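Encoded as structure tokens, the structure appears first; notes follow it.
Chain naming follows the written order as A, B and C, and within any one chain the residues start at number 1.
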Amino acid sequence: MKYKISEIADFLNREFKGEDGVIIGCNTLSDAREDEISFLANPKYVKYLATSRAGVVILEPKYAKEVDKCIISPNPYLDFARVVGLFAKAQGEFTGISDLSFIHPDAHLDKGVVVYPYVFIGPRAQIKKGTKLFPGVYIGEDCFIGEDCVLYPNVVVMGQCIIGNRVILHPGVVIGADGFGFAATQGGREKFPQIGNVVIEDEVEIGANTTIDRAALGETRVGKGTKIDNQVQVGHNVKIGSNCVIVAQVGIAGSTRIGNNVILAGQVGIAGHVNVADGCMIGAKSGINKDVKKTGIYSGAPIMEHNKFLRTCAVLPKLPDMHRELKRLRQEIDKLKEQFKDIQDK
Amino acid sequence: MKYKISEIADFLNREFKGEDGVIIGCNTLSDAREDEISFLANPKYVKYLATSRAGVVILEPKYAKEVDKCIISPNPYLDFARVVGLFAKAQGEFTGISDLSFIHPDAHLDKGVVVYPYVFIGPRAQIKKGTKLFPGVYIGEDCFIGEDCVLYPNVVVMGQCIIGNRVILHPGVVIGADGFGFAATQGGREKFPQIGNVVIEDEVEIGANTTIDRAALGETRVGKGTKIDNQVQVGHNVKIGSNCVIVAQVGIAGSTRIGNNVILAGQVGIAGHVNVADGCMIGAKSGINKDVKKTGIYSGAPIMEHNKFLRTCAVLPKLPDMHRELKRLRQEIDKLKEQFKDIQDK
Amino acid sequence: MKYKISEIADFLNREFKGEDGVIIGCNTLSDAREDEISFLANPKYVKYLATSRAGVVILEPKYAKEVDKCIISPNPYLDFARVVGLFAKAQGEFTGISDLSFIHPDAHLDKGVVVYPYVFIGPRAQIKKGTKLFPGVYIGEDCFIGEDCVLYPNVVVMGQCIIGNRVILHPGVVIGADGFGFAATQGGREKFPQIGNVVIEDEVEIGANTTIDRAALGETRVGKGTKIDNQVQVGHNVKIGSNCVIVAQVGIAGSTRIGNNVILAGQVGIAGHVNVADGCMIGAKSGINKDVKKTGIYSGAPIMEHNKFLRTCAVLPKLPDMHRELKRLRQEIDKLKEQFKDIQDK
């Protein structure tokens, strides 16, 4: 693939400054060659403008004078992402429906669905147009998979689950395995059968080996446009709002509700049956064990306001010194009190 | 499926109060319709009794007067779980042995084993009656899989491992991958071949994408009735007792021994070569780096008694204030000492 | 398999003391039988020498007098690992190329590659000699897989990724899924297409269900001889040096650089865009949020020097007492100051 710079500027509907040329790829400022396009989004990389060999740079108006050839944009990162999309090639080249797949006669596939070898599609499942199922995908009975989805290799969607449109499930994702529910008996524990399902709304993307459990009763739900990274665990009956960002290795226990536009950084853990308010940002490795009612930035395990967390972390390594100082103060005060008593007694 | 309330009461062997009726499903107090059964286990939901539309509610004797129709039970949650079991339908409808599967001629399958397409069963593996192997399951050579097990899609059981009866392995579980063992050399590290196996006892349930490594020598073992959630990591030569509950994303390093009836909450980490006493409960995100000899409730990383942990967490955000106060006290005491010295010198 | 003790000593090129005999297996000092070989590496197990039934023990010269039969070695653990290798049998007995696999006509496989059933190999992929692909493996288009690799069941290598020689990928490993990159828009988030790849160098071993994301641009790289445990997450554009050890459930966010010979213990989390110096050792559950410039041992979240961390942890449970003591000191000092003022006023 190759494009003229002017064609790229037209595609973005942005102004282009400099001489036209041919672009055959995308790269960072420091690695780009003369026939590659780059971008400047983070001010700390301004210094690379002078030495970058990039054929053209997408940047904000204020940096336009620093380079010979640029495409001027109010949002260089977003525009660059779109240009990368021009050059990107989707994974996988298989087309049609492999006769090495197993499609139950009662399943219904729209025309144009791609089914690789070794895919299993159970009875009464529906797969809508434009969706691709890579090798090793399992679609259980009565599932609904919307339009233009991509289910990468070895994705599992257990029976009765519902996947919206334009959803991306990366390799090894498991949707709709049983939630973790047991009733105590005298001898041990008895399984609480998990008869609910999972609903994934439109434009959700879910990272490799992430697991989202089916509800005990009712549904587990991930809201529209939410992006989930790799190895995230979502327990049964959890509700996640729309446009959230959930980074790798987060765990969310059962029946918890996450609002809209919430950002959970890596390795956060959230207890069951709590609510997290819209728009909250939770720092990496934090632990949440009760409702977060007020939108804000929080960190720590258990969480506190992020600024307080930073100050606490700054003091924490001084704790042994504080402990010693406290003992010294105690001794000195006890001595002072004694001396003082002596004076008073005189 | 549908049942009369009286039939359900008979099934549970419990007393039924009120007029009989037909029940076609199970739900929570707040979501149940007139033809659904519900339950009250948590006292904080008593308020929903008045407004619930549920056709009948399973509850403790003391709440019986609050509703028109109820089934009276000393353990409403357990009894409700059993009723849900009446209505639950097992995942998957495939029967027989698919000719799209690969079964080594030296493998031995009992009659009535279900083998979906794309299952691989290695030489000398034994699979006992009533067990179901979903698509993408791999059973290595010399494995033994007991009766009435369910191995969901893409479960991997590496060679020589032993799975008991009525074991449930959720999608993506890996049993018997090599433990993480290397011997240092001058140039780097050399693999310590992992020649042990994994033994999973009866009635164990293991969540999606959990991994349980084979022993270096000897065995890794999970005891009878233990329930393990999703994305848990169990290292080589670990021994887990019976009736434990291990919540999602816990990691247990090599050669550690977990007693019976231990509960590990989410994201707990346990170092290698330590022992955790029977009946311990370990709070979420805790870290254990030495033996826990006394049964109790512990939290923190490293752990302390849970009550002490709660008090410590309550004080932690005050640490910056404490640090400042300590400096002020130091100044004031130094000043007092000086003033005192002046007096004594007079 | 069986060997004479003298044959084993010759294989190791070590001195053998005692009477020759036949060895048929390897075991720990406490579990070994008369026909098994064992080893002593950890001094705390010296006490088992007297009672061990092992047919021969590999140990350091200073312990040679404690037993009748021993192989004397400066590095008993490494030598024992090598002996275990004599007795170890590789997983899987399949040979040849299964006609239940899918190999694209434009893929190139060297002679001697083993392809189990249900393997998918995309166009233009190259697989070099001696490599084994277990069931459910997916190799995307344009991938390169070097010599003598083992890809265990359900391993996924997405298109364009490069795997070196003698690499071991345990079940469920995902190499080259999309990195987690999105550009904010007014309405939500737009995907930044991930057009880079992953490069895994020679002698790397990667544990079950670990995920290593493809780069946004350029490459994600794991250096030669690095060993990665189960359920580790490596973000896009991360560079990991050679001979590192990365224990289970570690998460490394995008664009971070890990030096050579770094050890990350279990459940460590590292933020994006930071550097960790060669030779660092990072304690379990630690969190790193900025550059670690100096080689050393660190722990905590955020990290501090390990010794300081240990002292801090020792004091932490005393924090509630410190808080109370601080209040008492404040009262006593205020009282002293008042009394002092009274005296001065006299």
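Heads up, the rule we're going with is that a residue touches a chain if its C-beta (ideal position, glycine included) is under 8 Å from a C-beta of that chain, and two chains touch if they have at least 3 such contacts.
Everything numeric in this text was worked out from a predicted model, so none of it was measured.
Taken over every residue number at the interface, the positions common to subunit A and subunit C amount to under half, indicating a different-residue contact.
The rotation relating subunit B to subunit C, fitted on Cα atoms, amounts to 120°, rounded to the nearest 5. Centroids of subunit A and subunit C (each the mean of its C-alpha atoms) stand 25 Å apart.
The residues of subunit A that reach two or more other chains are 118, 136, 154, 172, 209, 231, 249, 267, 316, 319, 322, 326, 329, 333, 336, 340, 343, listed in rising order. Contacts from subunit C toward subunit B in the complex involve residues 26-28, 31, 75, 77-78, 80-82, 84-85, 87-89, 91-94, 98, 100, 116-118, 134-136, 152-154, 168, 170-172, 203, 205, 207-209, 225, 227, 229-231, 242-243, 245, 247-249, 266-267, 284-285, 313, 316-317, 319-320, 322-323, 326, 329-330, 333, 336-337, 340, 343-344.
Put simply, subunit A touches subunit B in their complex at residues 102, 118, 120, 122-123, 136, 138, 140-141, 154, 156, 158-159, 172, 174, 177-178, 180-185, 187-193, 195, 209, 211, 213, 216-218, 231, 233, 235, 249, 251, 253, 267, 269, 271, 287, 289, 300-302, 304, 308, 311-312, 314-316, 318-319, 322, 325-326, 329, 332-333, 336, 339-340, 343.
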